[in-house]
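The same subunit A turns up in both complexes below, where it pairs with subunit B and then with subunit C.
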Partner chain A sequence: MPMAQIPNWIPAAPELFIAVMIMALLMFGVFQKQSSAADGINTSRVVSYMSVAVLALALLITVAFAGDRVAVFNNLFVTDSFAVFTKVLVLFASIVTILMAQGYLERHKMARFEYPILILFATLGMMMMISANNLMSLYLGLELQSLSLYVIASFQRDDSRSAEAGLKYFVLGALASGMLLYGSSLVYGFTGSTDFFQIAAAIELSSEHGLNIGIIFGIVFILAGLAFKISAVPFHMWTPDVYEGSPTPVTAFFAVAPKIAALALFMRVMVGPFGGLVAEWQQIVIFISIASMLLGAFAALNQTNIKRLMAYSSIGHVGYALIGIAAGSEAGIQGVLIYLVIYLVMNLGTFACILSMRRGDQMVEGIHDLAGLGKSHKPLALALTIFMFSMAGIPPLAGFIGKLYIFMPAIDAGLYTLAVIGVLASVVSAVYYLRIVKIMYFDDVTETLDRTSEKTIGWVLALSSIFIVALTFYPAPVMTNAAKAAASLFAG
Partner chain B sequence: MIEALAFYMFAAITVASGVLVISMRNPVHSVLFLILAFFNSAGLFVLLGAEFLAMILVVVYVGAVAVLFMFVVMMLDINYVEMRQGFLQYLPIGGVIGLILLVELIVMLGGWHLEPELIATGAAPMPVPISVTNTQALGQLLYTHYVYLFQAAGMILLVAMVGAIVLTHRKRTGVKKQVIRDQLARTVEDSVELVKVETGKGI
Partner chain C sequence: MNEIPLLSLLTFLPLIGAGMILFLARGSEADIARNSRWGAIWTSGITFLVSIPLWFKFDQSSAKFQFVEKLEWMPQFGISYHMGVDGISLLFVMLTTLLTPICILASWDSIKDRVKEFMISFLILETFMIGMFCALDLFVFYIFFEAVLIPMFIIIGVWGGPRRVYAAFKLFLYTLLGSVLMLVAMMAMYFDAGTTDMVQLMDHSFPVSMQPWLWLAFFASFAVKVPMWPVHTWLPDAHVEAPTAGSVILAGVLLKFGGYGFLRFSLPMFPDATIQFATLIFTLSIIAVIYTSLVALAQTDMKKLIAYSSIAHMGFVTAGTFTLTTQGIEGAIYQMLSHGVVSAALFLIVGVVYDRIHSREISDYGGLVYRMPAYSLVFMLFMLASVGLPGTGGFVGEILVLVGLFQVSPWLAAFAATGVILGAAYMLYLYRRIIFGQLTKENLMKIKDLNAREWSIFAPLIVLTLWMGIYPSSFLDFMHVSVDNLINQVETALAAHGQSLLAGR
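Here is the complex of A and B:
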């Protein structure tokens, strides 16, 4: 019997590295002495920093091995500039959220070493999603990510809100996975393959005989499953509850990394295998985009809890990102990628602010607790002002550039309604972003917040505000890399 | 001839133990008959040449599922007499479902009987060369073509395990554990105190 050949694993080196290190760190954590609470905190701190090192190394490997499109493992796994670009974003988001979380976890007696390891698992799942080139590898990556997220949503297991968040996320996530699987089975049934290249070929072949209704049904179900994962309307219901109930560092992670990975997957699936059916899926994407933008703008107006507000804000931002996908062009995808970079930085910064909202031992989450911040915490208030102005899309901050590069391709593609509604929604959403600024600087002080002394959070705040301001003047690196990534998605 | 005998033996015991599973008064006996049913269905799979499926049935269903049932039955305090009272109430809907299944079977088998070439239209299983058993064939696919998916599935199971431990494991205080080393290290001096009791007085 012939020996099986070892497949070419080099393109998947970052994933393999993370997977191996997860197991090593798990073993390390389990066999540490856990006799007292201080031991537990110590172990969690060590594992946290080692996880950051692992992710940083994986980031280096990802960048170092970047190259042309290669599909390995029997075409189950693909890597190209697009994958590298989004993987870098996801890895960066995970690194920053692990670093920001440590202080919170220690204060709230949930510093256990499993937390960074579950984040590593989720990151691995996201990287597998980004590189998926087959409906099966797509599903497995998605499940690996989702399962880890369900667990960390209820990580504060003594708190009933956290447990509720995890349970809600799990039940609705399982429903979404079911829809995704049903869609995948339809697509497999009508195209005869789960491989993205072959699905694209089959669709091209069948389009000569007119539309195949079964494939359309399959796409609709896959879209519904993916829309749930990016929390686009009408599959957004879980978002505010999960964001509010989860521990704040977990919410910070939810708001950035999984969104980026799921949007990357969304782009890969829509442009890759279903690229030949743009006209069919475009109307669905336009609808969920408009609905998300409007809901994100109007539903957030009445929110007083800042985590809930950020949930609606992220629904709105996903709506804007979907405009770029709806355009269906290379410029549109480039716009989405730029938007994702800016979204990532703005959210990390804002959550760093939320993580420093503390009074005594308690975290406060109401937006009215921010009153007087402009006088008592000048740097924090300044940073939050920058993020809020940027989220509202006010020039010359980065948020404006992101929206600009989203709306331009939409206009080019003739999607005028979409662009107009997008601009109007962003005017409405400016109300609640600017209200936070108003509360910070002009409202009467009742009780001031504590001074935060955490260095990492300070660094995140400083660096992200600098990035938001500087991007306007020096956008070239982000632009060129995003353009390269978008081009590689269309090259196949 | 022997094959037919074996088939009828396995099939009859499967059906009989299936009936016994739902008619036993003692739920523990029900689970035991369920295990018997699983074993005999595994025998049927072996007769079909699907020995991998047979082993999986025994390992997964007998080894895990039935044991889990046993745990549930023994640990939960369920009033089985009360549960049985609804039997007549559920009989009609159960009967309807059974009838639908029967009709579907008759339609399919009747179709094959009337037009034998219909059998070939369904997706036939891959023809397996005599030299390769189906366990080997599965392994050759799983560890070569689909090694990526196989490993990914393994990672998902690991997450499930880590997650279950993270969410439920608690450190209990005041649990007495047997530490054999400590027991062996005890000496007579540590544990026995000799007291001289004077006659007529307590200690």
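Here is the complex of A and C:
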């Protein structure tokens, strides 16, 4: 009898570790004594901190096992520098958002241990997405992530807005998943495989006989599904409502981790299996990039709810990130990765500010509630100012470096129109970022906000603003790692 | 390479001072204010002292960049932290380090609210300005050039007048719109030349088909900064709403960014396009000179009048630059320097009475000579310098520019000269309305003359204005070699494309 072959599971060690620990934590949470409200809070606290520990360990494992490209489980799962880089970002985002959420959840009586568990599930899904090397594993990862996200969007179950956000997200998300599946089936039908390596080979083979319309249709549907996940125009409609309706820590999570994972997936799919068809998908990416930048810039001008504003801002940022993908070059992918690092830090910082906007135990979300912050909360206002100028891409802050590395490859690829529209859109978006600075510093105080006493929020604010200011002076570590990651994506 | 990185020290000293004020100024409200003021004046004073060796150690016989520093920064795109000065930028650096302490002194009493933040913003602003003039790498230049907007936006928006929000947004968005196009052009330049080093780019010859686009992109940025007609409208608003120190630094240094940019980029790097667009520049400059002078005549707000006069003076600068003659270019640089001193002084002069009466309306004044003789004297000196009276700094720049223009076309010189006449008209008219006449206004009866602090502000500016007017060589000697080198660069580049300077005209 031949021995059953034991697959090499080492490359998937962080995922397996998280998966096992989720079960353990779930059991732990379920079997805790839940007789009083205090018990519930206690359990949630313990599970939260343990989840953070799990993610931190997973992060260490990810970095420790980083190496050359390895594909395992019959090429379903691949790991390379690109995967490591983006996984580190996702894990870091999840850790910080869990830490920032605890205080909010306790104050709003939603401190239940399921919250960190759901975040863990979502993170696991994202890591699967990043490492997917097959349309099947791609879909599995994506759905694991999405289903967890639908649930946490409506985590504040007594609030109709939150329930609405979850439902909306679910219905539209399911539609997008459907399109993605349809696209996948077309690609499978025309190439005969779901494996990324084999798809790439099949496309190369068939390109000798001219374009294959079936594959193009498949790509269009896959792009539509992915565009939904990264909330790019014209599949962005869910974003403002979901951002506004979800509890703020959930919004913070939505703004960073899933975006990064979905963009990473986007890059892997476009460069990997469909790398031979750059000329075909490039036009689509350019279109959604321009549309996202313009919508992100103009639609945000009239927003008064800061979470909604951040939703449009994130749509715009995705548009910029797509410029790098549209360039279709290694430098372009590197630019996107650098952009994602900076985007992650800016958003974590900004949401830390939003989480400290409280007045008498009530969260406030209007941007006019920030009036006079420059006088009443000096450090907070300074940090938010740094983030806003950075988001607008004003040097010497990190946001500018991100834009620089995105636009450079685009110019190199001859995409002048795209670059010019991009910089012009950034001027328009500067208006609403500046408006927040204006409200904080130029307007008079109407009603002051409470002082935040949470240590975690303070730390997040301090560290992220230091990062944003300091990156320009010492960009080398981020740059070299991103370059390595981008190179590994093209190596295969 | 010299041992002490003098330029980096100069650039980042104010930033260190700002950091110290941010973290060290503690205690009660009054303590913080006092410490911040002293911290800022010490920092900017030391920065000025550090800049003095530049003046003495600079080798006037060399057109090379001096005090050069170079460090790798973003090697992927060949971007390095590259600093250095030549005869053109050196004097602007000195101007900046001189004006900053003066501005801080000028806001000693007039800024009462959020003093700490004001001083920090101002020192950060100084860092960016010095960095901009020293930068020898495209992107380092761009970073400093655009970063200036952040402190300026805050200075106007927080400590400005009633319409400050409008003015701050207008300043920010106008300038940003211009400079992002320049950013795209810079990237395109990198991919054509393979370097972002400005010294190498000056020797690189860009394809003739590409030059007009690059030139226009840079023009979009610099024309807004200068400002040239018709994109000048942000300036009067910004000047009127800015606090005195903000106006001073805006007129004294920020307006020079545009003129400096033309000299540094447009002329040496895109010579063919420069020849091609020279007529456009002359037209816009002449319109600026005549039109804004007429507008200035009609103003009722003192600051607005001086703001419009600035636009007219900068019209001389742009016209002189694009004559591509030694006199024209040297005159343009000289005009920028003297305008930096004189218009700064004029805004300070407005600030003196504004601090006392809190009005900028010309009609609220009259007969000040009876109560403020010393003030009237100082005002007269700078008013005449602005008009271009021989013996003051303003004269040298104007006459050199006119000589340069005359070589290009006598008609141009004739049109530009009407600007000088109109300049005399609006400045003398302003002076008459404020200083002479009957002293009838109730609140002017008890107005006090210049105090010691104000004297200490004006004294260096008076000395400088007279020095620039009486012995211009000590400044012009710095420029000769660099300007000749610049013109040579243009000529060589043109010759490479089978054109010559004269044929271009």
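Structural remarks
Here is the rule we use: the second predicted complex is superposed on the first by the 489 of 492 C-alpha atoms of A that agree within 3 Å, B and C clash if a C-alpha of one lies under 4 Å from a C-alpha of the other, contacts with A are read in each partner's own complex, and residues count from 1 in each chain.
Just so it is clear, a contact is a pair of C-beta atoms (placed from the backbone, for glycine too) under 8 Å apart; a residue touches a chain by one contact, two chains touch by 3 or more.
Treat the numbers as computed from the prediction; the structure is a model and nothing was measured.
Of the two partner chains placed by the overlay, neither subunit B nor subunit C lies in contact with A:189.
Of the two partner chains, neither subunit B nor subunit C is touched by A:379.
When the shared chain is aligned, no partner comes close enough to touch A:477: not subunit B, not subunit C. By the touch criterion defined above, A:404 lies against subunit C but remains apart from subunit B after alignment on the C-alpha atoms of chain A.
In the superposition on chain A, contact is made by A:424 with subunit C only, not with subunit B. The contact sets of subunit A with subunit B and with subunit C never meet. Residue ranges of subunit C in contact with subunit A, taken from their complex: 73-74, 76-77, 114, 117, 139, 142-144, 146-147, 149-150, 153-154, 157-158, 164-165, 168-169, 172-173, 176-177, 180-181, 183-184, 187-188, 190-191.
The part of subunit B that touches subunit A in the complex is made up of residues 140, 143-149, 151-153, 155-156, 158-160, 162-163, 165-167, 171. Within the complex formed with subunit C, the subunit A residues making contact are 331, 374-375, 389, 394-396, 400, 404, 407-408, 411-412, 416, 419-420, 423-424, 426-427, 430-431, 434, 437-438, 441-442, 472, 475, 479, 483. Those residues of subunit A whose C-beta lies close enough to touch subunit B in the complex are 4-5, 7, 12, 19, 22-23, 26, 34, 73-74, 76-77, 112, 114, 117-118, 121, 124-125, 128, 136-137, 140-141, 143-144, 147-148, 150-151, 154-155, 157, 166.
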